[in-house]
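Chains: A, B and C, in written order; residue numbering restarts at 1 for each.
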Amino acid sequence: MDWFYIKGILILSGINLMAVLGLSLLTGFTGLFSFGHAGFMAIGAYVTAMMTIKFHLPFIPSLLIGAMGAALASLFIGRLTLNLKGDYFCIATLGFGEAIRLILDNVQYFGGARGWPGIPMYTNLTNVVILDIIGIAILVNLIRSRHGRNMKAIREEEMASQTIGINVFRYKMIALAISAAFAGVAGGMLGHYLGFLQPKMFQLIKSTELTIIVIFGGLGSISGSVIGALVLTSLPELLRTFAKWRLVVYGVAVVFIMITRPQGLMGGYEITAGNIKKLISRLASFGRPRQQTIGGDKE
Amino acid sequence: MSAFFQQLINGLSIGSVYALMAVGYSLVYSIMNFSNFAHGGVIMIGAYIGFFSMTAFKLPFTAAFCFAAFGAGILAVAIERIAYSPLRKRNAPFLYFIISAMGVSIFLENIIIASPIGPTFRTYPRVFSAAPFNIGGVNIGRLDVTMFLISAISLAVLVFIIEKTRTGMGIRASAYSLRASALMGVNTDRIILIVFGMGGFLAGIAGILFGMKYTVYPQIGNITIKSFIAAVFGGLGSLPGAVIGSVLLGIIETFTSGYLSSQFRDLIAFVLLIFILVVRPKGLMGKITEDKA
Amino acid sequence: MSILELKNVTKQFGGLTAVGNVDFVVEKDSIFGLIGPNGAGKTTIFNLITGIYKVTEGEILFEGKEINSLEPYQVAEMGITRTFQNIRLFKKLTTYENILTACHYNARYTILDSLVRSKRFRVEEKGLLDQAGELMDIMGLGDRKDVVAGNLPYGLQRRLEIARALALKPKLLLLDEPAAGMNPDETIRLMELIKEIRSRFNLTVLVIEHHMDLIMGICEKIVVLNFGRKLAEGTAQDVQANPKVIEAYLGEEEVVVC
């Protein structure tokens, strides 16, 4: 295994991570389930590529425009469905994801179903890592604010959220738009890493894989999403022979996680300096717990 | 003019099979309030059971039909027991049900791909002669007529069960409020199993019919997206709505591919979805209820 | 001075009238009781006031302004908040987070402020943390700060729900069966608590309750509902003496006892 190969896996993990971070905000923190994130990735990918190829814009501004495109599309879906009770949003994203692919299949300007080659390969490990770190910072800062808390409240109990003055519809829209923007950036990076885009890359299974990563890492945990994206993207790459059975195992694992440990790997906890310290002190005291409590009693 | 009628009959027959799927989905939705995204997997397994009954076991169509329907029904019940019932017992949020359903659907699709059956497209042996009926200058495919009749009869039986039997009364009560029904002495656990069983049964029928109309392949379950959209079109959770929505969708699709382009056939469902969400989000027959505090 | 006024309020579900032509006036700074047998429409009235349901007919005025077309979050912004009959906490968040979330209303920083950790964010966020901490102490939840709300004992869950409502600094607090499932001892403490928060936070309380002791003990005025209609209105003594009430409500309980 040479560095080139490892680097490739890391870049792909980093790209997936960006999309997973967005989905984590939507599903893990706001409690909305989307089948359409591959569609948002596709919009980001094609818009970004159009900006760099047809308009000769630099990479980063193109990525931002791609992200905006994805966010706008998501707001359209959200506007129609997020104020309805029931699974309307779910079904609409499902239909949307498929529709985007069908449309791209037929747009000859972007090469249609045959694909779009010759995209400049701007994505490299450095900018992927930097963008991911920015993405994580945005998410962490958002979650640790009143806005993030409002989203978590909506996930927990929608009606109570309303009665404490949270505009549920507005916050769902915000979470959706940010989430789609992340997916859009991921799509943009993907196109400029592979140098090639094809609508087939953004099938329904891509959306579900992203969701699986979020669930595996633990709903409502950013560190869980990071670990999930790194492990679940690289593992199948490393175990090529396993590839055929990978999704079978994923399917079983998802059901198993839901019925036994729905909190996923991290169980809503985060890896922070404070939590690590707590863990270490707990582990350190593990050998002599009795002594300590006795000592405490005497005082 | 005859082309018009051919399209219409074609659309009716496809739409009626959509209705079989949409009704099964809506039944579960109306009682459990979540979208059972594993429904497509059940349809796919039904299609494969029908296929192998007729090819590997050389059974006649009627036997294959029964195996597909009952097999899919049993599978749907098993899925409920394994993937949903533990969540139900501990009152898990609806999100978990949807995710669990997604897991089942991924599992079913990929176990077929990974198994010796593989991802290949398989064609059903011919059961009905290719020669169409000719009624007043209009050619109607035998398969299309059969699809329509089988679907219509199945739906009629379902309506009879729901409207006229004691079990049906339990189902209607549970759809109104699962908790209240349980308090009133309805065995809701049994009702849920029956609903999954009936939904699976219809899914198995839809599977074998679609298998004969097109081919059998692991992703054939994705066709349920159409029935989800049809259910929204008709009004989420409403059974008559699901039927009407499905039939209309089937007809609109056939006309789109007949008069515009077959490229647009799959897209039209989504266009319709957006249209209905803009114009009448509660669907043709649906009612959006107020949340109870 | 009145703070809340229901004028001829009617709510129909399909053909069924859940609340019919109800009107009453709640005086500012009072504790107002809403009683009636099960299914009398008490919770429905709460849902109408808080905008969860929309009235079919009639008007609801809060501080003289019509609020019946507002969304629930807008009603909360006006200064009305509530608790629920079947407690609705943010179950997986801690006690502290439950209250802190509800404090959001007292900060105005934007998403951009939180992303760049601006000065405004830091100042206002500090204010929220202080406010939440203070409320925890006042409500006697200080030692349960990091307990996940779903794991609190039942009585404390009810208390936390009230604390969360108070975080909004409401003018009118609606309590839906706050003593449900409590023993007499706890009920008495709850009565004291309701009186205390009324004077401490300077608010008006509208309470639905089945515990007659609680209602009769703290409410200055009571409205009795039956089958969605107003049966009687007045002080505890008035209502207790009203033959219609005895027949519809208390009488029914006597039959159950026999």
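We take it that contacts are C-beta pairs under 8 Å (C-beta built on N, C-alpha and C of every residue); 3 or more make two chains touch, one makes a residue touch a chain.
Remember, predicted model here, so these are calculated numbers, not experimental data.
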Sorted by contact pairs, first entry is A-B
Taking mean C-alpha coords per chain and comparing to the overall C-alpha mean, nearest is chain A
Between the Cα centroids of subunit A and subunit C the separation in whole angstrom comes to 39
Between subunit A and subunit B, the Cα-mean centres are separated in Å by 31
Chain-centre distance (mean CA atoms) for subunit B and subunit C, in whole Å, is 45
Where subunit B touches two or more other chains simultaneously, the residues are 291, 293
Multi-chain touching residues of subunit A, meaning two or more other chains, are 159
Each of the following residues of subunit C touches two or more other chains, namely 52, 84
Given the complex, residues on subunit C that touch subunit A span 50-52, 71-73, 75-77, 81-82, 84, 88-93, 97, 100-105, 107, 109, 111, 113-117, 121, 125, 128, 164-165, 167-168
In their shared complex, subunit B is touched by residues of subunit A numbered 27, 31, 33, 80-81, 84-88, 90-92, 94-96, 98-99, 102-103, 105-106, 159, 204-205, 208, 211-212, 215, 219, 244-245, 247-248, 250-255, 258-259, 262
As the complex stands, subunit A meets subunit C at residues 138, 141-142, 144-150, 152-153, 156-157, 159-160, 162-168, 174, 220, 268
Within the complex, subunit A is touched by subunit B residues 29, 33-35, 82-83, 86-87, 92-93, 95-96, 98-100, 102-111, 113-114, 222, 225, 228-229, 231-232, 236-237, 263, 266-267, 269-271, 273-274, 277-278, 281, 288-289, 291, 293
